[in-house]
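Which chain is which? They are A, B, C, D, E and F, in the order written, and residues in each are numbered from 1.
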Amino acid sequence: MRPSGRTSNQLRPIQITRQFTSHAEGSVLIEVGDTRVLCTASIESGVPRFLKGKNQGWLTAEYGMLPRSTHTRNAREAARGKQSGRTQEIQRLIGRSLRAAVDLELLGENTITIDCDVLQADGGTRTASITGASIALADAIKYMLRQKMIQTNPLKHMVAAISVGIYQGTPVLDLDYAEDSTAETDMNIVMNEDKGIIELQGTAEGATFSPTELAEMMQLAQQGISEIIEIQKASLS
Amino acid sequence: MRPSGRTSNQLRPIQITRQFTSHAEGSVLIEVGDTRVLCTASIESGVPRFLKGKNQGWLTAEYGMLPRSTHTRNAREAARGKQSGRTQEIQRLIGRSLRAAVDLELLGENTITIDCDVLQADGGTRTASITGASIALADAIKYMLRQKMIQTNPLKHMVAAISVGIYQGTPVLDLDYAEDSTAETDMNIVMNEDKGIIELQGTAEGATFSPTELAEMMQLAQQGISEIIEIQKASLS
Amino acid sequence: MRPSGRTSNQLRPIQITRQFTSHAEGSVLIEVGDTRVLCTASIESGVPRFLKGKNQGWLTAEYGMLPRSTHTRNAREAARGKQSGRTQEIQRLIGRSLRAAVDLELLGENTITIDCDVLQADGGTRTASITGASIALADAIKYMLRQKMIQTNPLKHMVAAISVGIYQGTPVLDLDYAEDSTAETDMNIVMNEDKGIIELQGTAEGATFSPTELAEMMQLAQQGISEIIEIQKASLS
Amino acid sequence: MRPSGRTSNQLRPIQITRQFTSHAEGSVLIEVGDTRVLCTASIESGVPRFLKGKNQGWLTAEYGMLPRSTHTRNAREAARGKQSGRTQEIQRLIGRSLRAAVDLELLGENTITIDCDVLQADGGTRTASITGASIALADAIKYMLRQKMIQTNPLKHMVAAISVGIYQGTPVLDLDYAEDSTAETDMNIVMNEDKGIIELQGTAEGATFSPTELAEMMQLAQQGISEIIEIQKASLS
Amino acid sequence: MRPSGRTSNQLRPIQITRQFTSHAEGSVLIEVGDTRVLCTASIESGVPRFLKGKNQGWLTAEYGMLPRSTHTRNAREAARGKQSGRTQEIQRLIGRSLRAAVDLELLGENTITIDCDVLQADGGTRTASITGASIALADAIKYMLRQKMIQTNPLKHMVAAISVGIYQGTPVLDLDYAEDSTAETDMNIVMNEDKGIIELQGTAEGATFSPTELAEMMQLAQQGISEIIEIQKASLS
Amino acid sequence: MRPSGRTSNQLRPIQITRQFTSHAEGSVLIEVGDTRVLCTASIESGVPRFLKGKNQGWLTAEYGMLPRSTHTRNAREAARGKQSGRTQEIQRLIGRSLRAAVDLELLGENTITIDCDVLQADGGTRTASITGASIALADAIKYMLRQKMIQTNPLKHMVAAISVGIYQGTPVLDLDYAEDSTAETDMNIVMNEDKGIIELQGTAEGATFSPTELAEMMQLAQQGISEIIEIQKASLS
């Protein structure tokens, strides 16, 4: 029995609000259960130095948690003077996942910066970030097309992410904080709308897991991501 | 004529949402026109080292802007590895303003941390932060009383803040971004519900201002703050 | 009765030594009672990146306290690896105040850096810094004119600053450390020689202050600044 | 055909030198083909603050590359003043992997610090680090038992790691740099001697991968890790 | 012929002003020609963590240059966020030199912090710092004895420092900036009043130097330091 | 009697392994007794900004100790976020010493970066670094000549370094850790193959030393460096 009463393959309700803030070219508030993340996509012309003159664009991502998005207050990273290893790990994951969705040559010499800021955390902030940012990215690219900054749509596919895990011996989909903090295994999976795997990160906490359990979790993830991609498409149409 | 069509002594509409997020003891989303700030008040038992054993509590504040709360994206301070001078100036102002509202001895050896995070900026983020944080603070103190962490209410009075300025030669109340970026003078005023001045910070940009203009601006500010304190009280009742 | 025996509108003695050090284009030791600040103005050709090609100059300021300029030793900011919020707040104030004195277009693509380093602190270091830096600035600009780096004098007016406050219920001028550390209200005012207000920063410590008290303090400040500007002019002639 | 001429399921030669340096309680030079990593395990009594009084030990890991361990010189992280996101990601992975091998309660209030420093890089430095560190850890624990710092062996099992990937459409084991830099998919797997999965991190570069390909790569990894654990055991006996 | 017209074994004029500032237990302005350094000695009770409970005191030193103490302005180290390698090298030298003058056990569990801040630089700032700090240290120790913080004088001897070098082929004493910037060899020597060598740091710039030249420079240094120690003693009596 | 049983003028055995790692243009493992340092020389085209357009090259050096190269583990400087004063002092010494060996104009607009990383420390790591780096430098320059990056050999001479000291009242050559940690005086000397002194750094710990002792130590150093230069030349032929 899951603490939330959900069945093992049941997602939390997902709410997507586009244009949540007004300045960004793409701005999405994604709510997955009680987890709430504000994802923006910002366009700047030009590329980082290491890409100058290579005739391609770039996409990068940053992630942060508001200090009191969590049960107890976390120190503000700007005040501590550095981003934690966890933060860097997550923003690198978001960046790789969304770069996989974009044809960087079609993007021209432009840079898209994704910002994912967690307003409220209840487990699964990194996967919610990727799912929400994918929509913000789609909006930003539409803006570029409208503004004729680019000619051809560089978006290859939608990207979505979900966590799976083993909770009290059973593979379950979309762990919330109550499950996440005690799960034996926690795995985050990023896939595209064609069921291709982009990223996979699984960690055993305490017990290890077997290839069979891995296959079961993959099963759950595929189903969950299909549902999420439906929700993404609905919100964009 | 103000860009927004407001009269010179007219505030922007103010919207206050209490319990905007669920973990903090006080959590307020304040919207002043298009400026939106999330203000939380977090309680921790214990005090900073310099107050150990002095039989009193402490209140401190931190401020941040989400990178894309502004027209063009600002670098994330956590990634740059330090808070700007502007950020520090603002969070020191917020801290002093709200400490003025609390009897620190009645607070016991507890620390309240105020976090003001700007989701969307359209001028007046520091004054909106103070006004919103004052409500979050009131909620956090109610929590402490309910939990019997303290016996006596340490809140001395509500605190509110507003900007005034001289725009195209005329003193105006509550500058938005369009005004703020071209005003000759910009002044932020913090007062309590008893019309006592807590903080005053005025800066001439380009032209200087005279003691007479200062008095006129004070006039506007007093009236504006009275209105704001009514709104605060309504939202708390 | 003030600890120093001064009357409520009496300045401390001010001593100005020009060319205190030899390398800077402007170098002034200002002594206000026991407060001593070394103010230098340094000229460099070129402007910061954000002003490149805009056909104007720039003026910026930095402030520091020697570790043992104070009663007990303060940690050296260079060793701690960052400037405190207070330091940044003060150097931003000095920079804004002196930029108000210069026509940046007449300055050409040159940068003037003001350094204010406190050798001994007894209250009022930020206002002494502004008053002293104004003279160092005047000297540096004379140097530029002599060297034909610029054709027209970009100095619009002298700038001076003073603190006022409410000490034991009475408005007083030019607080020293003994007063400053116990005053109910502390306000710093920057004005030019034409009695225009450039900056105003007032803070209530403990009690608040009323618009009437504000007007009384403004009165004192105006008179004090007039006297200081006389002293500045005498020292420059 | 792989650049090295290896078959798709063939490991590079592995060389393990114990006691490579003299001061550390465990010190192992591991060579996997041309990749060379020095892994040390250092024992200190006491635990980090967050574990004080919890009656358990701790294990943590740090990772670094010598500036010229790579084809072109990388900036020294100590000189740049921070560890890169990649470095932090890797050292967190090493730490989690080896903590999974130790019963922290049996370790007592002691801390083991694993240092993995890459002397020469040719792909697979993070997996070589884990494999080598597992042996250094075993040696350090033997030292603790010999010194009677602990009574019962807290080592639960050996841990080993390997990379697998899809290179030119074919799943291959143990990618070297020539493969790694052009592989479509790169996955790192950490397992224990009982074939339990501890960590799994797969990234698609360019193309995505399918659950079937994932299963094939898991197959290769299991076989490879079995061979590596044999080598570890031989080196320890 | 030296640029200053001095003979090869001639010191620059030395001026020592004790109690230059009022808060520090020892405060000395030392002027060596046009080089001016403010040296303070501050007493704090307690010792750094690594000496706790060892029944001894500590002495440490910090060094800084005001940004415009030099011909062209140097970036402020506090603003850059770190001390340069040169600064650290110098402050370590000052600390070692003065620790050699103090019996740390007789100092009790107290810490003396030496601050040497260069107001104006014309070569030889590190040696002037040591010479001046030695006097500030003597004053601070007198203060401790007067205050009965310690019973027995822990000062073993005065310490003084001077530079020697080879300028246009000739060994010379006490290089000023004009010589220092073109000298073939530059050597700093710290000795005590009993002619014992405490520190010796010689660097060849361009050409190397021979043991014979080293002996000649040592000769000059010994004579120079004898003269300086006379001046120190005169200033203290 | 020395702890190692060596005579007072006896070097520890020196082992030099060229091409210890494969990527660097020069890569040398130097072993001096139990001290082991990996020295690499890396070539990059271009020069630092301050030398742009001056038609010359540059050589710089960095130094580090692996965290467990020492008896007890030292914090990793990359994790602490800064290099210690000691590290900076040493790398500046290595840089100056090797720049003295190179005609920077003949080097063209190229930069050579020396990295000295201590794998195991038993005293004398900075002198071993210089001696080893001199060989790595020679190898890197040969590479440049072979690749026709430069026409004329810019290497002026070999450089070697050794420590001398006063141990239990007797001058001794090449202090190991057991001696170094208790020696009264410790001096590091860098010379070239023509017996010219490049750098000299002597520190008295506890007692001071006399000019006569200095001359005796210089004697020992000269003899030791002659032997080392023979070993360097043998290893290069």
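Everything below uses one rule, namely that a residue touches a chain if its C-beta (ideal position, glycine included) is under 8 Å from a C-beta of that chain, and two chains touch if they have at least 3 such contacts.
Labels paired with UniProt names: A, B, C, D, E, F = Ribonuclease PH.
Computed from a predicted structure; not experimentally measured.
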Any chain that touches subunit E (Ribonuclease PH) and subunit B (Ribonuclease PH): C
Reaching subunit E (Ribonuclease PH) from subunit D (Ribonuclease PH) through chains that touch each other, fewest steps: 2
Separation of subunit A (Ribonuclease PH) from subunit E (Ribonuclease PH), taking each centre as the mean of its C-alpha atoms, in whole Å: 58
Inter-centroid spacing, subunit F (Ribonuclease PH) versus subunit D (Ribonuclease PH) (mean Cα positions, whole Å): 33
CA centroid of subunit A (Ribonuclease PH) to CA centroid of subunit F (Ribonuclease PH), Å: 50
Per-residue multi-chain contacts in subunit C (Ribonuclease PH), two or more chains: 81-82
Round-the-ring chain order [start: subunit D (Ribonuclease PH); next: subunit F (Ribonuclease PH)]: D, F, E, C, B, A
Touching residues on subunit D (Ribonuclease PH), where the partner in the complex is subunit F (Ribonuclease PH): 21-24, 27, 34, 36, 38, 40, 42, 44, 62, 64, 66-73, 76-79, 81-83, 87, 113, 115, 117, 119-121
Subunit C (Ribonuclease PH)-facing residues of subunit B (Ribonuclease PH), complex: 82, 85-86, 88-89, 91-92, 96, 100, 187, 191-192, 194-204, 207-211, 214-215, 218, 222
